[in-house]
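Each structure below appears as structure tokens.
In the two complexes that follow, subunit A is the common piece, with subunit B as its partner first and subunit C second.
== the complex of A and B ==
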């Protein structure tokens, strides 16, 4: 069932496109897209844009995760910090971060800092919220165990609270990475002159649809590989977890 | 207010059971003894005969093991926090895990164990910490009836071996009579000491004691009093003034 439906869609698409029932100009056959993708990958045409997007993503993700995890933890253990920050978080979190781009472009000008920061912002809020939730939803009895068995202050944090929050932190990182990619591709689509998002835009403008779909597929594959990779890392690091979930 | 005017003394090496209706503050009492809950008035005095050992170690309801630690590392958790060296910690863990019959499971994680095994680890963790007083908060309540019976026998054996002072909260009068030297009956909320019953059923005690007439008589005697408190607690839950129905 998992692969049956997408396969059926692709097969129908292939047939309809080949028979001209749908316009092959707008809906090129999946095999044509696949050949184009393979062809361009081998020729190395896509490597440049792929690398650009990956670099932006790595920067954005690091820029988001490094402050977000400590902030989420701090909010979790220090009530005043939580009360102070939470309203802003609740205000900004639901705003699609792509809408920050014009604002950042005005402040920082058109260029990498504005692109990367926009991508980082979408991951940042997700990671803060997941980390905070990890601390808040931990089993409170584990804190009592810590205290009753002599873990106080920093020791309670390192030995009990942080490990208890780790699964949620990992989930936050995974979701954050995905959101970052979504936002970055959108940023590239509307503002950048390079990257996979820009590739989609350029080929759409030129109506070279096989290349456009090939870029789509590449973005999807990138997201799949990265989030699956983080999940595999989580399974390796948190061997004690019963079930990782999604 | 959960508790009111509680005055209790446990003797060294005594197995003291606390029973009472739900909401009588049994668990709160243990948490006060453990230093996890600050009482609004009064004080707790635990005589520490051996400097450097912790005053209390709690066996929690539903085990409360740290899921990211192996069985062994759960057992050594208290020792680790007190700065006991690795070799000594591990030797102590081996000893305690052998005592609860889990020597082969030292490297397992909690999620790989059954409910009964997890609670054995919880008991080993408390014993390894070698406290002056062992506090047990309905440790067997979450287990199925058969596992519970096996664990009661285990507890009798372990207590006979180590001779620890134990304060044991349970909602099961049968369990209190099987395990305890004395049974403290708390009233409905706010919990007060209603009556303290010595359990003169001899030692060493085994499950067979449940067949003796003395056991039956004592059970009946305490139950008739406990029953009143349970009914009072239920009436209070339904919003009826407990004084109005006259005890």
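== the complex of A and C ==
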């Protein structure tokens, strides 16, 4: 049942496109797209652009996660830090992060640092907020029990607070990675001259639709692998967590 | 008066820190410590914001964006709640659509613009439909989950008391799923703003996203900051305003989307 509907959609699309019921110029047959995808992955630009996007994603994610997790934890355990940072988080968090792109473009110039930092910013805020929420919503009894058994300072942090917040941190990292992919692809679409997002844009402009759909499918596959893979990893690593949520 | 004093005593850092930053920024770019080309003085930005508001430019763009958000959100909400409810009620439909949704959902919404512009007339309609895509999935997902998490005992009890069909739906299933539907709508509206701005940056000539992008292209840096401020204000209004609305309308359930 799970594969029936997607298969049916693809078969219908194939038939309609082959018979010309829908314009094959705009909706090339799935087999044509698949062939283009395989061909370009082996011989052409697709593999290169996939690599570019993956590299940007890895950089952006690392740049976001490394400061975001400690900041979130610090905000969770130290009230003054939370008070200090919260107004900026509240102001920037609901803003679409792609709006930061033009600012980074004028400050850093058109180039990789501006693209990567825009991608990083969308992950950064999500990770800080999830981490903070993880510390804030932990069962206060855990801390009390830890205290009663003589855990203070660093011991309390490493043995009680961090493990309790870990599921939320992982959720933040997972959501952050997804958000950074979304933002990066959008950035590539508007401003970069390489990467999967740019590929979709270029082939849209040139109306070379098989290539466009191939790049599109690759982004979808990438998103699917990242979201599904990380969920599975989270369920496996953090076995004490009951529900992963969305 | 004392209440105000206590409130200030608790919040002085939260209020003081942005004010300090603004004053420092003003001073630093006035003395040239920060390059005023990239970081214009907040007072200059405020002046530009006032000018943009006075000559009507800002309102025009903001209205365009709001109208687009309104259409996209309505489209996403109607389809999302309907399909989400149907998926929650009928297992076959859920099992059939789940894999399709799982593949489509993680695709960045901006990429749908080319696809959508093949399907519907390009321009305003394509823009609205593209914006609706992500919100639709969010709303459909949360609605489905909302129906599925209803206690089976409650449904059984209702059945035993003779509730069937429309009555079962309207009296048991819909109220049971409502908190989740509301969460979905709130998230969906938030995403509609995010996506509409992104799509406007990519393809539109009007709207707040377009204003930001066009200001960058002609290097009107002050206008960029002013537009950013308005977008942030709109985002805050949508997300915190709706959270407050939920707390007022459905106070008995914690927000499923809070984390």
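Everything below uses one rule, namely that the second predicted complex is superposed on the first by the 224 of 246 C-alpha atoms of A that agree within 3 Å, B and C clash if a C-alpha of one lies under 4 Å from a C-alpha of the other, contacts with A are read in each partner's own complex, and residues count from 1 in each chain.
Here is the rule we go by: contacts are C-beta pairs under 8 Å (C-beta built on N, C-alpha and C of every residue); 3 or more make two chains touch, one makes a residue touch a chain.
Just so it is clear, the structure is predicted and the values come from calculations on it, not from any experiment.
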| item | value |
| --- | --- |
| Partner chain in contact with A:67 - subunit B first, subunit C second, else both or neither | neither |
| Contacts of A:48 with subunit B and subunit C, given as first, second, both or neither | neither |
| Which of subunit B and subunit C A:168 touches, first, second, both or neither | second |
| Touched partner set for A:84, first subunit B, second subunit C, both or neither | second |
| First, second, both or neither for A:148, with subunit B first and subunit C second | first |
| First (subunit B), second (subunit C), both or neither touched by A:160 | first |
| First, second, both or neither for A:238, with subunit B first and subunit C second | first |
| When both partners are placed on the shared chain, which of subunit B and subunit C touches more of subunit A | C |
| Overlapping contact positions on subunit A, where the subunit C interface meets the subunit B interface | none |
| Residues of subunit A touching subunit C in the complex | 1-6, 9, 26-27, 80, 83-84, 86-88, 90-96, 98-99, 101-103, 105-107, 129-130, 133, 137, 168, 171, 178, 181-183, 185-186, 189-190, 197, 200-201, 204, 212, 216, 219-220, 223-224, 226-228, 245-246 |
| Subunit A partner contacts - residues on subunit C that touch it in the complex | 11, 13-15, 17-18, 37-38, 92, 95-100, 102-111, 113-115, 118, 141-142, 145, 190, 193-195, 197-198, 201-202, 209, 212-213, 215-216, 219, 221, 224, 228, 231-232, 235-236, 238-240, 258-259 |
| Touching residues (chain side subunit B, partner subunit A) in the complex | 31, 34-36, 54, 56-58, 60, 62, 64, 66-69, 77-78, 81-82, 109-111, 125, 129 |
| Complex contacts: residues of subunit A adjacent to subunit B | 139, 141-142, 144-145, 147-151, 155, 159-160, 163-164, 166, 238-242 |
